[in-house]
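Take a look at these structures.
Shared between the two complexes below is subunit A, which pairs with subunit B and subunit C, respectively.
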Partner chain A sequence: MPDPRLHILGLQKEKRTAWFFVLPALMLVVCVYAYPIITTLVYSVTSIDIATYTIKEFVGFRNFQYIILNEFFSPTLMRTIYFGMMVVVMTILLAIGVSLLINIDFKGNKILRILILLPWAVPPVVSGVMWSQMFQYEYGFVNKIIKIFGGEGDTIWLGSPRLALHVLIITEIWRWLPFATLFIYAALQTIPRSVIEAAALDGAGYLKTVKGVILPIIFPGIIPVAIFLFVSAMKAFDTIFVLTAGGPRSGTTTLNYLVYLQGFQQFKFGRAAASAYILTALILFVIFVMFLLTRIASQRREMND
Partner chain B sequence: MIKRTFLTNLIIYLCSALLVIFILSPLYLVAVTSLQLEKDIRSPNLNLIPQYLDFRHYIAIFRPDHIVPVLPAMRNSLIVSTLAALISVLIATPAAYALNRMYFPKSKVILRILISIYILPTLLFIIPLYIAWVNLGLFDTYIGLLILYTTFMLPFTVWVLGSFVKSIPIEIEEAAKIDGATTTQLLTKIMIPLLRPGLFACLIFGFVLSWVEFATPLIFTSEIKMITVSLGLYRSTVDIQIGQLAAAAAIITLPVILITLILQKQIQQVILTGADR
Partner chain C sequence: MSADFGENSVFQKDLSRRKVLKVGAAAGGLLATGGLATLLASCSTGTNGDVAAPGTDFTGELTLLLGSHMTAVKGLAEKYNTLHGVLPTVQEITTPDLRSKLTTSFLAKTSPWDAAFATSTIAQEMGKNDWALPTDKFLDQSPRTNETFLENAMAPVNYQGNYYGTPWSVGAPLLHWNKRMFEEVGLDPEAPNNWHSTKNSWDTFVEYAKELTGMRNGVQNYGFTDAWAADHKLYTFGSLLQMHGGKFLDEDGEPVFDSDAGEESIIKMFDLLNTYKVVDPAVDTYTWVFDASPGYMSGNRGMFFTWPFIAGVAQDPKTSKVVGVSGVAPQPAVDTSASVDGSEYLFVPKLASNPDEGWRFLELMSSKESQTAIAATGWASIYGDVNTDPEMLKNFPYYQAIADSYQYPVDGGFSPDRDVWGKILGNEISEALASKKSAKEALSNAKKLMMEERKS
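Take a look at the complex of A and B:
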């Protein structure tokens, strides 16, 4: 196909117009993203005077040193990774299940497809409020239902660090399920119905078809979803803020929430900046590992074929 | 069509029921709570089906002396969300067109950088912005919030509109070029009319994203007159009126739920093209 832009004279002019078109977007991106990224890096090796918001002194890696050597750091890091992994794995498993379900023809599956979108539209603050009411120990649904089934129903869900973390995980799964389902369902629809039916005719049971035919096909589509979910979990803020405010006893303080606490509760901007970079490094590292794993998995599959 | 046994059908409906319960129960709980008297909310008995509907909590939260000014908060959110969605589409459209269809060196790299901004934690940008906003007098202003809302969704909007631009056949542009259209005319007269569904979808999406935004107003505003809906709801958790809290939650969620239900096609389209890399 001939390139319509081959008129050399027009090219220079087109480039100028293109710049003009991109400029407003580029300016905003530079001011709101590029400038702060660099400034945060500078802040991470300085201490900031919070009365005048100016740099007081250069402190080298002392901020990083303080954070990493602090006794709270390694539990926070572990908690953040556990939280992220749980959100990714559980959401994806659930989304695969839901996608398979709505892919089946049955009465009511159209309604299901619309319902599944709802949590996306709920403001995260509201999800936080809703789930904290669900798990409220006195009048929450969860305890009342446990009581109906003969249990004690007096668990103080948000009072224990471990339980609270899992309530938070459930809240995040609920929030991201629509997104993950949309994607995995879209990947699922690329598989021709005849392929699934052929496998069924071969006598393979439904579960066998899922394992042998469907999962390998949708697997490449799952990786970007996993990355997206992990990043979202690493950025989780609103739900933590409303549900638990990082407590009890820091049981739901993830690295991201720690950055907020250091920056906007303690007003230690240098320290917060260093933590923000540690979090960024963690995100990049996990994404790198995920890419590596996909690479290895796809190479294996090629070798098997 | 494969015939299903009774057992298979049973499993299908059981799974569907569990899913519906998981998705709807928190929404249902808040709806019911908002319509019950405080003493019934706190009673130890489970009443899944309310015996009566009482709208007093709704009346209470709209009273001017209520702890959180719900109406002003909704007005603020409506103004900022609408403008942010409009401005981001206005800025993203020419950028998306230029980066996908025009002669622009390194356009692929720029697009990739734009989308990878998303993987960075928001708090990586916030501290210098906070200091800058205080120094520039943008703290506690509509403009300050608008710049942030707009830019936070801009990379995504450019990316999504880019996919819509790419889906328009290049032959249409070529024909217009032969007829002597300038680049600007191509954008305004040819592309924008054809992009209308995409522009509309991005507007809706941007509006919903801004409406639910919480961290930005939390950090960049402090005055009660600048309060937005999400922030207002959080402020009302300080109060212990559970019924009123539920009513406020229902009120701010309802508009976005309605939008999502009515425009689910457009929203699905945006989400799906957005991460289609």
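Take a look at the complex of A and C:
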């Protein structure tokens, strides 16, 4: 019988070797991620001299306090959450619809699948310019269509904070729809045909099958998409920069755009770093809530089963 | 870096400051008789003696950062190559992106450019942050120094007694109008020519805008257009502010725009937009001239407050339907006419690798010959006499309007933090224009936020 101590020693050696191989990659990751994370944290509690780009003084939580007490913070936070949630919910609903559509066998299905991916290939700045022209109030495509259908067609889409925010939401949905569709379509492919056929045999119509069979099966696959979409919406910058520059009247300034304004318009890098941390906290909080909801949903499902 | 210039440099002519001032005064007097009375004066020189001087360390490399619209300056690159055997590398940028581009580079302690473009709103910021080399010694040693410089056009680059830029072209927003539209509604198409010298002609301007607004031939026409998004509206607000005798900042750089003049200015803008509805209703979404200009060029906007060069663009049949019918004059008056200087500059960054090449390019750009070439492309020269040369005026009659506009106040409240408080004030004025705040509240809040920003 082999000595068990030798086995333990062998395992330890194996572990050491594993660490030896993993360490360089780990160090690279730590350096790449840890440096900006720590630097941003340091900046968030300091005041930076922009002429020399050095730390002027330690200010504690004064940057956070300034941001939170600022009259623009609360509306910006609410706007950011609304923007993110709208992008997530609308993109996923549309992506489910589109995925179900391209999942049906019909002539031209393959071409449709390629066409759906096209917006993903368009650079965000180009799509921003394109959408700004489409929503231009006098010569824009959207107002022209409204006019054709008998409407006034004189809406100044980017002139009011509310309308402009929704134009941005539409742009972001258009941008991320191919990605979400691709994921959900992939999830649909995992459903065995026999399950759908069984539902049909049980007398379930198409809508009932979607609601009662398909959606519950693909639901776990939707959560990572939702998280990805939310994080992407929180990081939206290029479309805002091109379409509205945060206006009108700061009506499309999200937390991420605020970080840019504070950092590269006002050159308050300490404040920008603090805003970036607030944004990160918000993202983490929403991801946590999403995970929690998923867990509750799956527990309920298990109980029902 | 040596204080002397190369043997072949035109700086060898080296005029003394005293001589220059004498020439400047004489030239100023001469030009005054030509209709440029008060606008031309010699620049005051800096108080800081410890400023960089152009030298002769020519490295054979030159990189320029120019605005995408600065075709005329870009054209000088080839000439620089012919003269000095150095073909400059030219990078281009649109004006709205300029500040971010410059500051991010300078914060990273690099300057890929040996001479860079600056607008009047950011020039002082470059100086205050020690990112730009003072231009004083260059101005002192240049043969064209102070000869016919527009004093007002140098104010935006003057920070604490030193200059931080050399203009390549000068100008402030003017009134452009579509004479054909005026005639169509029975208005005198030449009337706006005299508004700048007529007290309270603003009221006439409004009456004309009302007449010009309405549906004609199935097209909605507006009496007036402009770019009022974000802080761009400060050109019109600033013009109105000064028309009422107000100012953005006092002598110490403290905000004083929250005055009766300020309130009156917002009310006038509000009335145009909301009470009389004579303005293109999308003005609040136009971030710069090229957002607003298509409406004017399409021939269904009666009047337009904007940059002088648009008068040249309006004569291009490829882009304009108002060829031959676009008039231009200084803006109307309340107590006086006024505008906000929007001259543009080139400066040598402190971190430039080849600063002497940068200075030498500025020297070329500032020469009378180059300035004449620039003026021949529709961008007003920095020399009054080049602009008002009869031949030049024949091709570019609006140069006279530019000269005339500098007879009136053109202060834009230029300070090192102009861009920051400009955005605050612009935002607050938008609130007032959208009826979310009164003019008084908007201005008070802008002042409060500006002070908080300065303290923080």
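Everything that follows uses one rule, which is that the second predicted complex is superposed on the first by the 272 of 305 C-alpha atoms of A that agree within 3 Å, B and C clash if a C-alpha of one lies under 4 Å from a C-alpha of the other, contacts with A are read in each partner's own complex, and residues count from 1 in each chain.
Heads up, the rule we're going with is that a residue touches a chain if its C-beta (ideal position, glycine included) is under 8 Å from a C-beta of that chain, and two chains touch if they have at least 3 such contacts.
Just so it is clear, the model here is predicted, and its values are computed rather than measured.
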If we overlay the two complexes on their shared chain A, which of subunit B and subunit C does A:V242 touch? Say first, second, both or neither. first
Using the touch definition from the top, say if A:G159 reaches subunit B (first), subunit C (second), both or neither. second
Under the stated touch criterion, which partner chain does A:Y53 make contact with: subunit B (first), subunit C (second), both, or neither? both
Looking at the overlay, does A:W174 come into contact with subunit B only (first), subunit C only (second), both, or neither? first
With the two complexes superposed on chain A, say which partner A:G221 touches: subunit B (first), subunit C (second), both, or neither. neither
Could you tell me if A:S250 is touching subunit B, subunit C, both of them or neither one (first, second, both, neither)? second
Any idea whether subunit B or subunit C touches more of subunit A? B
Does subunit B (first) or subunit C (second) touch A:M134, or do both, or does neither? first
Let me test your reading of the model: by the given contact rule, A:Q266 touches which partner, first (subunit B), second (subunit C), both or neither? second
Based on the superposed arrangement, let me know which partner A:I37 touches: subunit B (first), subunit C (second), both, or neither? first
Both subunit B and subunit C touch subunit A; at which residues? 53, 138-139, 264
Which residues of subunit C touch subunit A in the complex? 99-100, 103-104, 107-109, 129-131, 229-230, 281-282, 284-285, 287, 294-295, 419-420, 423, 427, 430-431, 434, 436, 453, 456
Which of the residues in subunit A end up touching subunit C in this complex? 50-51, 53, 66, 137-139, 156, 158-159, 245, 247-250, 264-268, 271
Per the contact definition, I'd like the list of subunit B residues that touch subunit A in the complex. 1-2, 9, 12-13, 15-16, 19-20, 22-27, 29-30, 33, 41-46, 91-92, 94-95, 97-99, 102-105, 110, 114, 117-131, 134-135, 147-148, 150-152, 154-155, 158, 170, 173-174, 177, 183-184, 187, 208, 211-212, 214-215, 218-219, 229-231, 233-234, 237, 242, 245-246, 249, 252-253, 256-257, 259-261, 264, 267-268, 271-272, 275, 277
The answer for subunit A against subunit B in the complex is residues 4-5, 11, 13-15, 17-22, 24-26, 28-29, 31-33, 35-37, 39-40, 43, 53, 97-98, 101, 104-106, 108-109, 112, 114-127, 129-131, 133-134, 138-139, 141, 144-145, 147-148, 174, 177, 179, 182-183, 186, 197, 200, 224-225, 227-228, 231, 234-235, 237-238, 241-242, 256, 259-260, 263-264, 269, 272-273, 276-277, 279-280, 283-284, 287
